[in-house]
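For reference, the structure discussed in these notes is given below.
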């Protein structure tokens, strides 16, 4: 099994989720994160003192998937999350050794 | 070493943490996440317009453990987090290559 | 490629980020987490009833890096995040299989 | 002379209206206080409850409550029943002058009274927070503000038997505050504590409120409004003696609250080692409740002390009720009930006209009647529509269950380390 | 007698000042209401907008507006133009007594009037929230409070032609509330809806407000302030009849709001199955707007009903405007405009002096003039400085774009599941 | 005639009480303002500090301060010392009439004065926020409100030597505001800046406040309360001239604040390119402080300008103090101190009775005395119980350290990108 971690722009969440559901991904875990990358932050002024907010709000999506879905999932995310502007984010792929559904005790691909 | 990632229902945190401590897990990192899965969200109405909140609040627990603890930890989490109702969550297992304790510089199992 | 996960004290973020930039790390994803470890929580009293807040606020940093940067990155984080007091946090290293930049479609080290 | 009587009438009427307005503002105070002391998942519901109960109280009191409380009756126990509020005074009656001439507008009196009944009802909503069904609560509000409160109010302020027995309760430590707290107690006993509040072996789990600035704002609003509550209860300002009395009431009300804050903070500091803000806030309110039964007679120093004793009592009372597993999220029963009783007894310290018997009989009658009457109504509601939301709803929060809305949808809530 | 006239003058002046102060406080109410109903990323901007518009309104009305509205003119349609506010009454004039003697301070009158114009302007800011440019809005505020509002105000309160035609609008359901809503409507039609509010196939996406306790607090503040708004509009308290009238206005204002809350909550419950707090809040305001055109004549029961009808109308109006894709984040157009019209018609129910023609002509003239005049100003602003922030700024939030500041910087915001 | 004197007495007493109530409400304003401008981890402490200091001020002033300030003394520099507050006026004295007859209740005067001392003390709490020990602050409050403030107050309002020298300070730009700011300055110099506020090479790190709507609400509350602060300081309303004067004070107070907002926003816009809300808020307060020394004499236009100059000064002052590394989280020293001095000088623009010497001597004496006296007290406290929490506590937040409570426990706080 594979573990996909994608960092995306927050307002793309709905598009990505819908696209993933269509290709059969059943579960997803989402975290609010702050991203630091090529896309620069913005400057704020508070009572006369300037400061830079370096980090941008992003969302991290994590999904466990079967091995044979890997390519399709990556492509789907790329397509749905794409705006072409800097800061679109990344997709990372890991090897997932085991998986267990707490409710039923199922393991492996059954548990995805 | 192994890296255990578990997504659980928020109100089970105390039970799971206590159970893990009892079997000797010393450290844990917890993140608030939003989960999307078989368990459906709820419908809200705001000023006459209906909308669905698809995501449910969940907690993600992460723990680095020694290889020989793997089975015990998985079982413990499953038992402690179990309610039998949909949305109980999942346990995922990864291979962890290295580990370092920042304070002391210890590495490997020493550092867990 | 490697995937570095570091749990650090929140007020060290700026130091660690700056140090990582200096050695050429270009991207970083940060999550607010709650940590449970050797460092104990604090006791609060609310309207006469005592309770313990076991978890401490921490930050989790995640960075995908090239294999040959691994040692330098680990050392840099350790140095920058170090205070010598309990609760300084940990660094974990994983194997990263793939990486894709959503904006350009680049993959592998190009995409870091 | 006629014009002077008119101006004097106008001044007293205006004084009533300003006082009533301040008491109306207390509704906002209760709302903020309570919404600060509950968890975020139950916040919308408590907001809805508070603005709803105020509205119901106003309407019910207009329809029937005011006449029950101040209408004619041949009995000193059973009030009369009639509907709506009568007209206002004619110019002729006013300028006739003399002892019996009306000296302020009847409608301004109604306005001043109607906001009192809302206060009594507001007290209840905090105690039953985070678990009671919204619409059940609203039905109870109809019964309480239309009937239960006015009936016992009739006994003293409506010149019924408690008044005859010499029961002294200037602005309502008993008639308003203890009455509200009593109805709250009846409800809490039937409802039971919030899930997770008490552990298996005597353990008490705190459930911190979500928004302390709101709770503090609410306390300040109540403090401000109380100047109308007590200050307006002199019922007249237009001559030297009344004006002096109103001024005394203002100063004493303020100092009693100040005494309550200081005592609450110090007591909490001694008991728990920390300056527990919530105890300071409850101390302020306790000081205010304590002085309410007699803010006109004590010296300022005594008023401060009466308030300070109230602020001390409230801390012990809150801790004790918690040990008895009477779960009152905002401390309403302690602040308004326990300290209300202290306030009624404290009248004896400076008011020669008050008697211990009078006060005790008053306390007993109000407590007894309101408790039994409320219990019956709550029981009927429990059997018919139910008074408590189901476990899952309680866990999810009242807001989604009852209102379909979140109080702070963008601040994701449900913190990791809380119950 | 002279001293009595002085005391009476003082009482009326004091009554004006207290009323004005309460209306000033409504500025805080609008601010809290609106900042609770927008998303957190647009909160600082709405706060800035509200405190700024209040200030601009005060200054512009002092400079020119007051004189336009209440100055001399030879025409009953075109008001005169002059600057600054004149001096106050001499003691001699006051103690001369008689019909024409001034009975309250001119400056207190100015103070009372100036807060009204701020109210009218506050209504607009909510409707255009989350997308209009801040400084454009401020420029419009200059035009509205210095000219548009005073001109139509002259027609009725300044004794212009609407007054002659018998148009009855006690405290300004039309002159203040509907006028504000009309200018808001013109703006919203030009601005268009917020990005993401309406989907491609008729879909309506709710955009929940970030802070419900603030919205509720704002409603309570408005409710409180309204006692000054309506209560002060009797313009006199110092004799029996005026005092009675003011008392009646207080009681009716309160009950209309109460009726609005109950009706709003029940209507929402029937339509959506939930006790939608925001509809209860809008119901309260609708009740208040509805009674504003004539709070002195109905009985309390009728006032409650007028308010309740307002609270019902507002729910349907909000849903309908949403279907028409008129995006009004806080419901200002419904509350102040649609219900304002209802209020003007409801005057006919209890005030024998009002005529259907008079009311309809008044509505038509105010609506027509304010709509056209505002539209022209908005159009000029659109062409010159632009009225809407660009898409990316709107997505990022007005706060960073316009104010460089976040409202709640530590509560990271941008929740996962929201638009 | 007797009855007329009584009614007049009642009106003035009522006016005092309403004014005092509004000033009391300012305590809530300061509390909200400050709790909005600190970080969430220091919010509970600042709430506790504010409600505590108000209470201490009331009690200390009752015990000893009022008599120091207004009691008898044979010296015009050293006030007398006596305890508690005397009784009220007899009916006979009042109806005797004539120049010397009391025309309002003494106790209402006490109530009005007591809220002023609380205001002076409130100013301090903001400047020392986020690092001073809570209980140390409370001890200082005892000294300030019982002794330091009343002594210098005696010099002018108590008819001491500053009064004789012709120092003019209508409602206390100097006596209240600058005095508070001076004590704050002494504290800040001893305390040092918050950790992380200033970087090694002249760098200034902003520390944004956690809750902008609260800060805005606080500003509106202060604005509202200021009508009591200034409006009540006419000390009489019951004749035509007084009534006109009070009306003028209301209008000018309002316009000065409005001028301050507009100037603050525009200045910030020109300097920083953004509409900095916090500067708008500080501008409002600066306008209010600026007009406080003489709100009765300027025309409305001049009042607006005086306020606008205040609103401009405050922006530059805040930036300058920051450069001097004087860390004042809420800008209290700039708003109340620097602008207070401007207000005292601005009196010369419209009040022919004021002299430059009189004003300068007043400023020097008040500043000199309060600074030295406060510094001594702060130093004693520093040596004995310490004035600053330790580094780790400061990092963790005052709330856990001092109060054991979090302000917003469910909104996890500690945002990633902030210090």
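Letters A, B, C, D, E and F mark the chains as written, and numbering starts fresh at 1 in each.
Simple rule for what comes next: contacts are C-beta pairs under 8 Å (C-beta built on N, C-alpha and C of every residue); 3 or more make two chains touch, one makes a residue touch a chain.
Bear in mind the structure is a predicted one, so any value in this text is a computation, not a measurement.
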Which chains sit in contact with both members of the pair chain A and chain B? C, E
Quick check for you: after a Cα superposition of chain B on chain C, what is the rotation angle, between 0 and 180°, in steps of 5? 120
Contact-richer chain pair [A-E vs C-D]: C-D
Using mean CA coordinates as chain centres, what's the chain D-chain E distance in Å? 32
Distance-wise, how many Å sit between the C-alpha centres of chain B and chain E, to the nearest whole number? 52
How many angstrom lie between the centres of chain B and chain D, each centre taken as the mean Cα position? 46
Among the residues of chain A, which are close enough to touch at least two other chains? 30-32, 34, 44-46, 54-55, 94-95
Counting only residues that touch at least 2 other chains, which ones in chain D make the list? 4, 7, 11, 18, 208, 211, 217, 272-274, 276, 278, 404-406, 408, 411-417
Touching pairs among all chains present in the structure: A-B, A-C, A-E, A-F, B-C, B-D, B-E, C-D, C-F, D-E, D-F, E-F
Within the complex, which stretch of chain B touches chain A? 2, 6-8, 31-38, 54-55, 58, 60, 74, 77-78, 81-95
Within their complex, chain A touches chain E through residues 10-11, 13, 30, 32, 34, 42-46, 57, 59
Which stretch or stretches of chain B touch chain E in the complex? 34, 44-51, 53-55
Applying the document's contact rule, which stretches of chain D touch chain B when the two form their complex? 395, 400, 404-406, 412-417, 419
Chain B-facing residues of chain E, complex: 204-208, 268, 271-274, 276, 278-279, 315, 318-319, 322, 331, 416-417
